[in-house]
Amino acid sequence: MGARHKSMSEYILEMLNISKSFAGVQALKDVSIRCRPGRVYGLVGENGAGKSTLMKILAGAYQADVGEIIYKGQRREGASAGDVIDSGISIIYQELALVPRMSVAENIFLGREPQRAFGLLDLKSLHERAAELTERLGIAMDTSLPVSELTVAQRQLVEIAKALSQNADLIVMDEPSAILAGSELDQLFSIIESLVEQGVTIIYISHRLDEVFRIADEVTVLKDGELVDTRSIDQLDRQTLVRLMVGRPLDEIFPRTDHEKGELVLVAEDVSTDTILEGASLELYKGEILGIAGMVGSGRTELARALFGADPLTSGTITLTGDKGASWSNPAQAIESGLVLVPEDRKSHGLFTSLSVRVNITLPILSRITRFGVLQSQAEDEVVEEAKHRLSIVMASADQEAQYLSGGNQQKVVLAKWLETHPAIVILDEPTRGVDVGAKFEIYKLMRQLNDRGIAIVMISSELPEVIGMSDRILVMNDGRIVGEVAQEEATEAGIIELATMAGAKAKVS
Amino acid sequence: MKVSTPLFAGLTDSQRLFLRRYGPIFAVYGFIVVLIIIGATQSERFLTVRNLTNVARQAAFLGIVALGQMLVILTAGIDLSVGSLVKLSILVSAIVMNGEVGNQGAAIAATLGLGLLVGLIHGFLVNEVKIAPFIVTLASLGILRGVSLSISTSPVGSASRPFIMFYVQKIGPIPVIALMFVALLILTALLLRYTVFGKYLYAIGGNVEVAHLSGVPVKLTRYGVYVICSISASITGLLWLSRMGVGDPAIGDGIELQTITAVIIGGTSLFGGRGTVVGTLGGVLLLGITANLLVMLGVNQFIQGLIQGIIIVAAVALYKQEGD
Amino acid sequence: MSVAKPYESATSVGGWPLRLRLFIANYGVYIALLALLLAATVLTPRLYDVNTIAVVMRQASQLGIVAIGQTLILLVAGLDLSVGGIFLMTSIVVADVTNGRDELVIPAILIALALGALVGLGNGVLVTKRRVPPFVATLGMLVLVKGATQAYTKGVPGGFVPDILGIVNQSWFVLSIPLLLWLGLNAAFIFVLRRTVYGRKVYAVGSNIEAARLSGISVDAIRISVYILGSCLAVASGIVLTGYVGYVDRFIGTGLELDSIAAAIVGGTAFVGGRGGLLGTIAGVLIIQILSTMALLMGLDIEVQFIIKGLVILGAVTLYSLANVEA
Amino acid sequence: GQDSAMVEFEITQEMVDASPYLQSVIPRLNQEYDTSEFAKDPPYRIALAAQGTSNAWSALFDAHAYWYVEHLGEDVVSEFLYGDAQASADIQVPQVEDLLAQEPDALILVPMGAAALSAPVERAMMQGVPVVLCASAVETDNFVTEVGTNLYAIGATLAQWLIDTVGEDGDFLMMTGIPGTSTSDIMEEGALAVFDSYGIELLDKQAGFWSPAEGKKIMETWLAQHGDEIDGIWSGGAQMVQGMISAYEDAEMSIPPIAGGEMQNGFLRSAIEHGFEFYAWMYPNAMITICLDAVIQILQGEPIPRFIDFVDTMPEARPFTDAEAEDYYRPRWSDDVHGPVTMPDEKLAELGFLVEEE
């Protein structure tokens, strides 16, 4: 890829000695990066290392406290988000940045609508150009549909179309792959390759290191807001990169323990809800990890929500076997029966950001630490203290508001909350999404510990290596149905992707 | 997050989408048709040109502010101060005009300038100090009211003769004020549909974060809507002066609640990002026709309040609102 | 949903140290109250007269009791504009049912509470089951309740207020029944909010409704119950007001709905829910009440009082905003 | 004894010069309106834009109206159009337009804002609909006649009585009705003119919004602030006096002379109970019957005075003092009733204004 460099000495972008603090938190300290045209730069680091902050400074969303940005040879001062886009920098944000109720076309050109005099919109060219773009990307869709009607993968592609529409010379992608898998990922990479051929520079942020090795020319590592190093990809191997990120070598092997398959704990038969989910059946055994793989939008989250009683069933039954033999129709009853769900969207479905860690952790088990509906502070303190130790949660105090914790610790708080209910079954929906390597392996270890205590786990994940590495069995979903089951020993990425993407897969189920 | 209503069962996706978007509008116009039928059959004077033009002109008073209010609500804001601003505008315009034709221009300029100033202050507090619009405008509801009553608690100033006559002027059978409202309706509809500014309102209401990161000038746009809304209140103050001839501080209480009710009944989401001019017109007409009918039909005064309450609650409860 | 939004929270003045910010967030309102009390020693020393204190406390109690309900509702990200209608309804019920007879006071109060609960239920159902924004739902209920009272009374409320309700007007030094009721209700609800499961759930629902739902909380039930509590507290305040006025006054408690919201907000309860509490509201109520008494003592006109109140609200939320705490 | 209510008081030229209200009223006292242009044959369609559902005064006003229309019979009034302004000018202005859209033969208006209703009144006249103002004024002279009383004189008289009773060196407080309403503002104007003429500086003046609750709230603070200093109180209405009495009662202090009572049963009851000196004026809701009579007269084309003081047709509606409190108190009336009442007792009973016999 590096063959086409026109003038190696010439940087398209230099961010020099950038520092930024948010009231109390030093997010970036004296960080410098330099990018040449037509190259792909990986940007990696643990959660909270400052990657997104650095990119938001580039985008003009934040102003750096100290430091300068030289773009295309010119020093940039106090540019607004709009100026930055006009200057040829596009950013695809970590959180999808689309307005749900507006149409695809309107979203693509938001902020830079084709217009005539007096701020009048040029609606004709808006739609023509949107259609042209989606076609060029090979994602032809009705650009007058509101974005809220698209699947998540389609939305991600709209994001990319939006970046392309800006004819950018530099595109930043902040974890664009977090919700992509399989063919969509390949599609993304081929788009990146063609962009690079046109001389566009890409900054690519990801926690999935294989992707970084697959496309990056150079990798910059941040840690705790400081620059660790920038190296060419050929001078790096996976272990070195992980060590640079985490600060110590990390044993990157999925922890396994040997155990017998336990007794049957849960049976779901022919479960459907008002959503895409249709006729899902599964069995779950004590002490196992049941992986659930599939493309984004294949209905995995819907399956989890159905099992948890969060969405009403339109058909089917879910029952616990064994001595409890319960069934349920809402989360409260599910929790009562010993089944919990750790939702995929931590911030909007899992965490009470404005409340203290203490309140977050004890919420589902209040009845255990109350007498006559009155909270017993001492009992509560014990619970929180124990959770803190068991999961090694880093926090200033139990009364700290959850929003001030780092991402990884927030995830741990959500986990702790559910583990405190002493569940028999835990459903983890994307437990490691957006979580850095270090924290990831801590979560893996924790899952094994739960297994050892006889807890059954359902793990939904879009990261195939993780599903294959951790699960005892893997169910593959496609278009709202379960289309196959793969044993751990037989699982390969290719095999799963084939099942997950096959059209009309329904026929394959026995 | 997915909302499913039994009402929508058995429809295709695009029908569902259509209904979700335009359902409230059909509902509100359905209500209006029912009221018109009641009016036409129960009172021979309801469907007269005289009464209809009367209703149309009255609609302008609520409607113009409601349009401003709708723009603010589209950005997920709210303006509780419009009633007090109408009051203050009436006083300022009456005092400056003081019955003189020669002062008309100055009075209009001063009143619109007042709206501009108040809108800018709202925009500043919302944008720069980052206070919730509800609270900003709740505070200015009190402050503007206090300022008005400090200027005068009794009627002051007066309109010039031509300015008073403006109220009764007609083109054909239609009052000029009603035509002015129609013009503003069309203008607002065009603004929302065909201008960048309009798109930005929806974008900010849909997701302010996304709008900002997409390079939408969020602050500028918000300054714009608060200024437009305040100016719509100033214009209404001027219309009131024309209607009354004198500046009376007795006017202006409760307009904010009426406009918000009209906007919401018209299907605009208080969460922002969704709403139409046609819907707002429907809300304004529904409230206006209800009030007119209560008088026309000589409805027992003691149950008038109850009827109004039932209509408002029924109208907002009929369609399940979409949350965020 | 209270997902942290960088755009909204990244203020341009962000340089304030965290400790100062938290200090302002937690104690700002008390400092403001202290400052006001200090200012009063110079401006209106009369405020420190035992009688004046008694008057301020009695009037603060009327506002304070409603403000408890309003705070609870704000905590679940709601809002209640219907309390004005409830005051009127309460005083009509009291006069109508008792017609001046002391022995019927208890039944009258129970009926008023039941009707109040019904209004709260209406608010709650509109907000939860029909997803009507609280502002509009409670506004609609306000018009409905006022309309219903009008239809019932034919414009003229009949009956007398029983003499026994006059005890709300008695003071022993600064102590009075309304003050004791206010303090008692505060103590009870502070306990409920801090130390009971119910209180935790209220905060959880206000902080993140989706997470609360997935945590097994019946969020609709919690929200409806809070609206019902809010209405019942408005009834309690309405009874105190009725005893205070001694007549059925159509304008009874006018302005208390907005004042109660203002008191809670000034006291640091977040408009978006999930943050704040009653201690702050007590301070907020005192600030608003003392300000209006001071304005009277200084002979300021009513119109000036509107302006002062507005400025105080703006001042308080500006501070909270600068301290980067959602208001 | 009617003598106790005699107050010597003169409207000076200075006062007239300073008061647009007097400038409007005084000339009209001797004017007649030639109503021939409005003459037509009965029955008539009459519109009433009333204060509407807001308090007992206006409820009885409406009751008198409906009763009197019925009393006149269908041959005289064939259709009676009614607008309920809920005491708000915002509601009344469009309502008057709605009423005029029905093209009535005449309009009776109880204006909720002196200026707010001026232009609508002029437009009605332009449309050929004669307007009778009832109980309150507007800021234009373009109407047929006004039924009411000289509110300026009332306010001034109340102040004069207070000064006569207490002395010029007394410390006085003033509580007005709703600022911005002409009734309140004009009474206030008259009172201030008199206080000024004696060079009296008031302790304080506040708006009590004609509400017992507001009246009590303000009085409580006044008591805390001025306590025994207070020698007399001027009040723009009896409801507020009820609140004041309650505040005095709570404070266990004796009540000073109060100018501003009315023939309102609740006020009279507690005034008798507490035995303080007061001066009361009357503002009978029954004046609507005079307004209806005036309308009929106009539609019959008979000339009519441009200002009709209700005292002239309703002699029982003159001011009185505490000495006559017992004479005006009616044990069978409920507290809300404002007298004098001219309709029969059954009507009061129907409305629930009569206390059940023990």
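Order of writing sets the labels: A, B, C and D. Residues in every chain begin at 1.
One rule holds for everything that comes next: a contact is a pair of C-beta atoms (placed from the backbone, for glycine too) under 8 Å apart; a residue touches a chain by one contact, two chains touch by 3 or more.
All values derive from a computational prediction rather than experimental measurement.
Enquirer: Using the touch rule from the top, point out the two chains with the most contacting C-beta pairs.
Expert: B-C
Enquirer: Between chain A and chain C, what's the gap in Å when you average each chain's C-alpha atoms?
Expert: 42
Enquirer: How far is the middle of chain B from the middle of chain D, if each middle is the mean of its Cα atoms, in Å?
Expert: Their C-alpha centroids are separated by 35 Å.
Enquirer: Distance between chain A and chain D based on Cα centroids, please, to the nearest Å.
Expert: 73
Enquirer: Return the residues of chain C touching two or more other chains; collapse runs of consecutive numbers into ranges.
Expert: 1, 6-7, 150, 154-155, 210, 301-303
Enquirer: Got the chain D residues that touch at least 2 other chains?
Expert: Residues 52-53, 62, 179 of chain D each touch two or more of the other chains.
Enquirer: Residues touching two or more other chains, restricted to chain B: which are they?
Expert: Residues 149, 153, 209, 212-213, 301-302, 304-305.
Enquirer: Looking at the whole structure, which two-chain pairs count as touching?
Expert: Touching chain pairs, listed by label, are A-B, A-C, B-C, B-D, C-D.
Enquirer: Taking the touch rule as given, give the residues of chain D at its contact with chain C in the complex, in rising order.
Expert: 52-56, 58-60, 62, 179, 204, 206-207, 209, 211-214, 216-218, 220-225, 227, 239, 242-243, 246, 249-251, 266, 334-336, 351-353
Enquirer: With touch defined as at the start, can you tell me which chain C residues reach chain D in the complex?
Expert: It comes out as residues 46, 49, 51-52, 55, 58-59, 150, 154-160, 169-171, 241, 244-247, 249-254, 293, 296-297, 299, 301-303.
Enquirer: For a test of understanding, state which residues of chain A touch chain C in their complex under the given definition.
Expert: Residues in contact with chain C: 22-24, 56, 61-62, 308, 310, 330-336, 341, 343, 347-355, 359, 362-364, 366-367, 370, 373-375, 377, 403, 417.
Enquirer: Hey, which residues of chain B end up touching chain D in the complex?
Expert: Where chain B meets chain D, its residues are 45, 48, 50-51, 54, 57-58, 61, 149, 153-155, 164, 167-168, 242-255, 291-292, 295-296, 298, 301-302, 304-305.
Enquirer: Note which residues of chain B are touching chain A in the complex, please.
Expert: Residue list for chain B touching chain A: 2, 4, 13, 17, 194-199, 202-203, 206-207, 209-217, 273-274.
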